[in-house]
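There are two complexes below, and they share chain A, which is joined by chain B in the first and by chain C in the second.
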Partner chain A sequence: MNPYTSRYPGYDVLNKRDTPSWDAITRKVIAQRMATPSEPGFLDIVRWRALEALCACIVPQAADRPQAPLAGMVDMRLQKNAGDGFRYARLPPLREAWLTGLHALDEESKARHELPFASLERSAQNALLSQMQHGELTSAHWKGMDAQLFFTQRVLPDVCGAYYSHPYAWNEIGFGGPANPRGYVRMYYDRRDPWEAVEAKPGKERQAMEKNRRVR
Partner chain B sequence: MSADAQDEPRGKHGRAPDVLRVGGWLPMREYLQNDEVDFAIVGTGAGGATLACRLAEKGFKVVAFDAGAWWRPLEEFASDESHQKKLFWTDERLCDGEDPVKLGNNNSGKAVGGSMVHFAMVSLRFRPEWFKARSQLGYGVDWPLDWREMWHYYGIIEDALKISGPVNYPWGPDRGRYPYRAHELNAAALVLARGAEALGIGWTATPLATVSAPRGLAHPCAYRGFCVSGCSTNAKQSTLNVWIPRALKAGAEIRDLAMVGRVVVNDAGRCTGVEYFREGRWQFQRARNVVVAGYAIETPRLLLLSATSRFPNGLANSSGLVGKNFMVQSNQAVWGVMDQEIRSYKGPPSLAITEHWNYNDKKDFFGGYSYMSQGPLPVVWALTETRRGLWGDALLKDMQHYNHYVGLKMVGETMPQERNCITLADEKDDYGLPIARVTHSNCDNDRHMIQHALDFMETALAAGGAKDIWRETDDTCHLNGTARMGSDPQTSVVNADCRSWDIPNLWICDGSVFPTVGGVNPSLTIQAIAYRTADRIEALASRGEL
Partner chain C sequence: MAMTLSRQTWTGVACALAGVAAVAAISRRRKTERLLHVETSRAFNRSSALLACSVLTDSAMEHYRGAFSNVAMYVPPAVATFSLLAGFHGGADRTPSTHAVRHAIYWSAALTGLAGTGFHLYNVMKRPGGWSWQNLFYAAPLGAPTALLLSGALGAAAERLRNQPAHEPRLLGMPAGKALGLLSGIGLAGTAGEAALLHFRGSFQHKAMYAPVSVPPAASALLLHASLAKPQPRWLARAMLQLSWLVGWVGTALHVRGVARHHGGWRNWSQNLFNGPPVPAPPSFSALALAGLAALRLREGERQ
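Showing the complex of A and B:
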């Protein structure tokens, strides 16, 4: 994405890393998250490719900017087997759901296009995912798992939850990010603390960008 | 720096973390396992910690157990939604029914202090009539408690937590002014106020358990906005930094990373103590009385897991009601976009509230609801967006409005239904114990209320100035019921003193005991009941009736 088309051009929450908005524990956990390797530790390479392609559809990241390692973050979660604290009785446990789901996605893709999911054009990928979202994928490869539930309860929360826990996503939406101990002062409408993102009003993108470069 | 709180217990060797000082320790009394303590309390949330504190202050020997870690907020609570999932109960549970609930975030806690460690600090009193819901309002069941007595205890809890709230509260009988002044309203709260005034209904600054002025070692709230991820400044007044330090000072012992798997009952039908897993092995603590305070899922689960040949259906269950009448609160919302920048991530998430529909009875459903302003952080917000089906470019595009979004979210009373229940599943957890199955379906009354609330909130949000309004139709919050109190052993699990009808030295003290759930957040009521229970235990003990 061209920086001028962002609503918060030039804003980088990481510039606040060494300010009173970030404490030691926060610096540590976010550094760890950003260093998540973009390689599989849990999934086999075939499923990993499907996951990478899936993540690129669910959260399309601009090619000209650094990318959040979404597939790596999902794989890391699978390595740790970190559950949510519940699951719908109609879904299998976390790992099994992902192993079955990624395999089934590839098989559905091959049945339609004779190619694995990762090799499809983006439009064909999105069409297949839209079918999954609307409960239209029911082949035996799902091993009885409800593909629609897999999409709404596993794919969307796990991939989008990963993305919006990454500082690049915070930059995009103008979130203030970590805030300890400094917190915030200006609570009223249209008020911004000097350490918050500047929103670009139409025609004022360049001014917003200059201010955002100084946001600390 | 000490070892990770999740790997090694910290409440050991005669000391416990002083959560108000970086690296600090407090002396902690310890009891031998063979020492028959007066009370073994399972769980250190709003019920268990408050009760542990008060019983210890009255001179009883108390050991409280928590399955979770004993965190140090000042050093170990990151300003980060994902990392702070460490505060949630993320062990597996199965959810089914027509309206299966989501667990693990806003409605569970696995830490010393329980879910109050990450609660949104909303501290509200029940409407007096709710304690007699059946006889005065025509639904649910009556509580065995009198509202005037509860009003007395509410005042005590509000003072103990130095609740920040308005000078005059618009609804209900007089309650005096709150101990600390109300917080400044953020833009999201001002939208609620604007909408309420346009519609001619009352609203107020929400009474919150986060200090608006210094208190001891705690600074005033700095409006970080990470409240539901845990407060790293100790401005939030909770079990972790109020009741538990008081309990330690009074001589209670708290055992962290201690999962209780069974309440042990002897042939005479009395509790003898608890079996718990700590430091890699099952252990036993003797006790004269056992209190189960694990909240509305773990409490019935433990009672069911503790079945014996004498009590084949689980403990305290002669009524058959353990695990039944599980109640959530409806937590639907409306969201819309404002022209102005709102930036609702600043400040406590729910700074303004209206209880209009809790106190107004001109409506076509039973029970009531409140609604509050909202401050979702990015992950919670994105997941809300995905639940209306957004992904890909559509999601990224709408997320651009994050700082302009504003919302109103209900806390709605659901009706007690026996079919909504906690049972044991076949699947086992890491301790080898059967996990809980949580079955939940809304009833017609629940659906009517949700529809009413969504319609009303949408009108109010539009009147507040929001555009492009849409509805979040499926969220829930807070868990109650499953071991209801009552006046009749046939139709309740415990009496007004939270004492089991079946086993006289077994007590249940948490949100499980609620016969009905009301339209406000339950933590203040849970604490008030716990505080009262301690007073009752003291009175019973003085008469030789323990």
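Showing the complex of A and C:
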């Protein structure tokens, strides 16, 4: 991979693991997150395949880069039953919503294409998700759950939340990672603390790369 | 024989000459030590040096924090370094005449401080909201460059005072003690003003934060009164100035402790030196108190 295609060339948030930027608890939490297995711990294998396909549609990841185990992270969340602390009254609790939603998605897919969601072409998958987003999926398999609400309040936040909680996504967007225990001391526009990523200006990629090597 | 004798004689003569020179040096030193106005000048040189030390550390740190985004931000640490060196030199110098290089350094420090106030004012005004509490608290601090201005002013006053006659020295058309008392008194009040703004920002979360906004202003008022009123011994002004000196050093210790109290303490020094209370700031009070005490000594012996 050409590092210059990144907006933050040479920046790797994981390089800060043994610097003052991370403390013991940060190291522990990130290590756990990085070690999330890409296999189901809560879902059955059929729903797991649907979830993997769904994650690939919502956050497509380049094949030539290390990928965040999104389905594994969502499954881990279901396994721990770690809710948000609040939910839409019209949606069932976390586990129930995902079990119902993934099953209904497969059934809707079978009704249209005689294939489970994971076996569809990407275009057919996206078309189906678009129908879900617009509230056009209303079969009995949803057990009364609003498919549109499931899409906007469960699928998007849970999958995107999983992606942006992963260090690979931090590298991509130049996020400095946990502010604890360092803290920000340059609270003004266009100011960068020494532990934050350097954004490359066009034609200045090499300089940004040099600076990103010293980020700690 | 003649050779031997002459060698002994020469040795003896050399010893005698050295002795005479030493005695002369001591007596000359004794004599110059009694020149009150030169001693006052030296105290002002030293006070200027302590202020310059504060400015050097503070401006170097805060301008580094501001990423030296303007080339002019390199100037105050550089100028403060020269002012600091001039203060060391002048503090040890008993010559009763102006030192041209030191004098020039002090003037450039004063002018840098003046220009810096302009830059900082521009920085406050250009931010969204302009002249507002938010920007007074968090934009470039308006009071900070004044410390460099004061360091230069105290030093320049010291240099001009050296050129004055030992008997009834004058500065700016008034008795020297009066002029220096006014200068230190105003400086002390201004510094207390900056502490008031920033301790208000810190919502006076520790009782000791009231000390620099009560003791130095009282000392300043008493010193200004002593300067303007008929000269006479002023024990209360002296006591308050001594207390202000103490407030400066105790404040430094408390600021060091304040940094320690921030998340991560001194182990997280690279952040907490900036986020915590500024360690180099409080010695400014000690510096101005020293100047004030020297000015008061001179003032108490004046006739009008």
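By our rule, the second predicted complex is superposed on the first by the 211 of 216 C-alpha atoms of A that agree within 3 Å, B and C clash if a C-alpha of one lies under 4 Å from a C-alpha of the other, contacts with A are read in each partner's own complex, and residues count from 1 in each chain.
Keep in mind that, in the parts below, contacts are C-beta pairs under 8 Å (C-beta built on N, C-alpha and C of every residue); 3 or more make two chains touch, one makes a residue touch a chain.
All values reported here derive from a predicted model rather than from experimental measurement.
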Next item on the list: Mind working out whether A:A89 is in touch with chain B, chain C, both or neither, as first, second, both or neither?
Entry: first
Check: Counting only touches as set out at the top, which of chain B and chain C does A:V46 meet: first, second, both, neither?
Finding: neither
Check: With the two structures laid over each other on chain A, which partner does A:P194 touch: chain B (first), chain C (second), both, or neither?
Finding: second
Next item on the list: May I ask you to decide whether A:P20 touches chain B, chain C, both, or neither, giving the answer as first, second, both or neither?
Entry: second
Note to self: Tell me the contact category for A:L149 with respect to chain B and chain C: first, second, both or neither.
What the structure shows: neither
Notebook entry, point to check: Counting only touches as set out at the top, which of chain B and chain C does A:L99 meet: first, second, both, neither?
Noted result: neither
Note to self: Output check: A:G183 vs chain B and chain C. Expected answer is one of first, second, both, neither. What do you get?
What the structure shows: both
Notebook entry, point to check: Between chain B (first) and chain C (second), which does A:I30 come into contact with in this model arrangement: first, second, both, or neither?
Noted result: first
Checklist line | Footprint overlap on chain A, comparing chain B with chain C | finding: 180-183, 185-188, 191-192
Notebook entry, point to check: For the complex, which residues does chain C have touching chain A?
Noted result: 65-67, 138, 263-264, 267-268, 270-272, 274-275
Note to self: Touching residues of chain A toward chain B in the complex: what are they?
What the structure shows: 7, 21-26, 28-30, 33, 57-60, 82-90, 93, 126, 129, 133, 152, 156-157, 160-161, 163-165, 169-170, 172-192, 196-197, 199
Note to self: For a test of understanding, state which residues of chain B touch chain A in their complex under the given definition.
What the structure shows: 75-83, 85, 88-96, 100-105, 108, 184-187, 190, 221-226, 232-233, 338, 340-343, 345-347, 377-379, 381-383, 385-387, 389, 391-393, 395-396, 399-400, 402-403, 437-438
Checklist line | Of chain A, residues touching chain C in the complex | finding: 20, 180-183, 185-188, 191-194
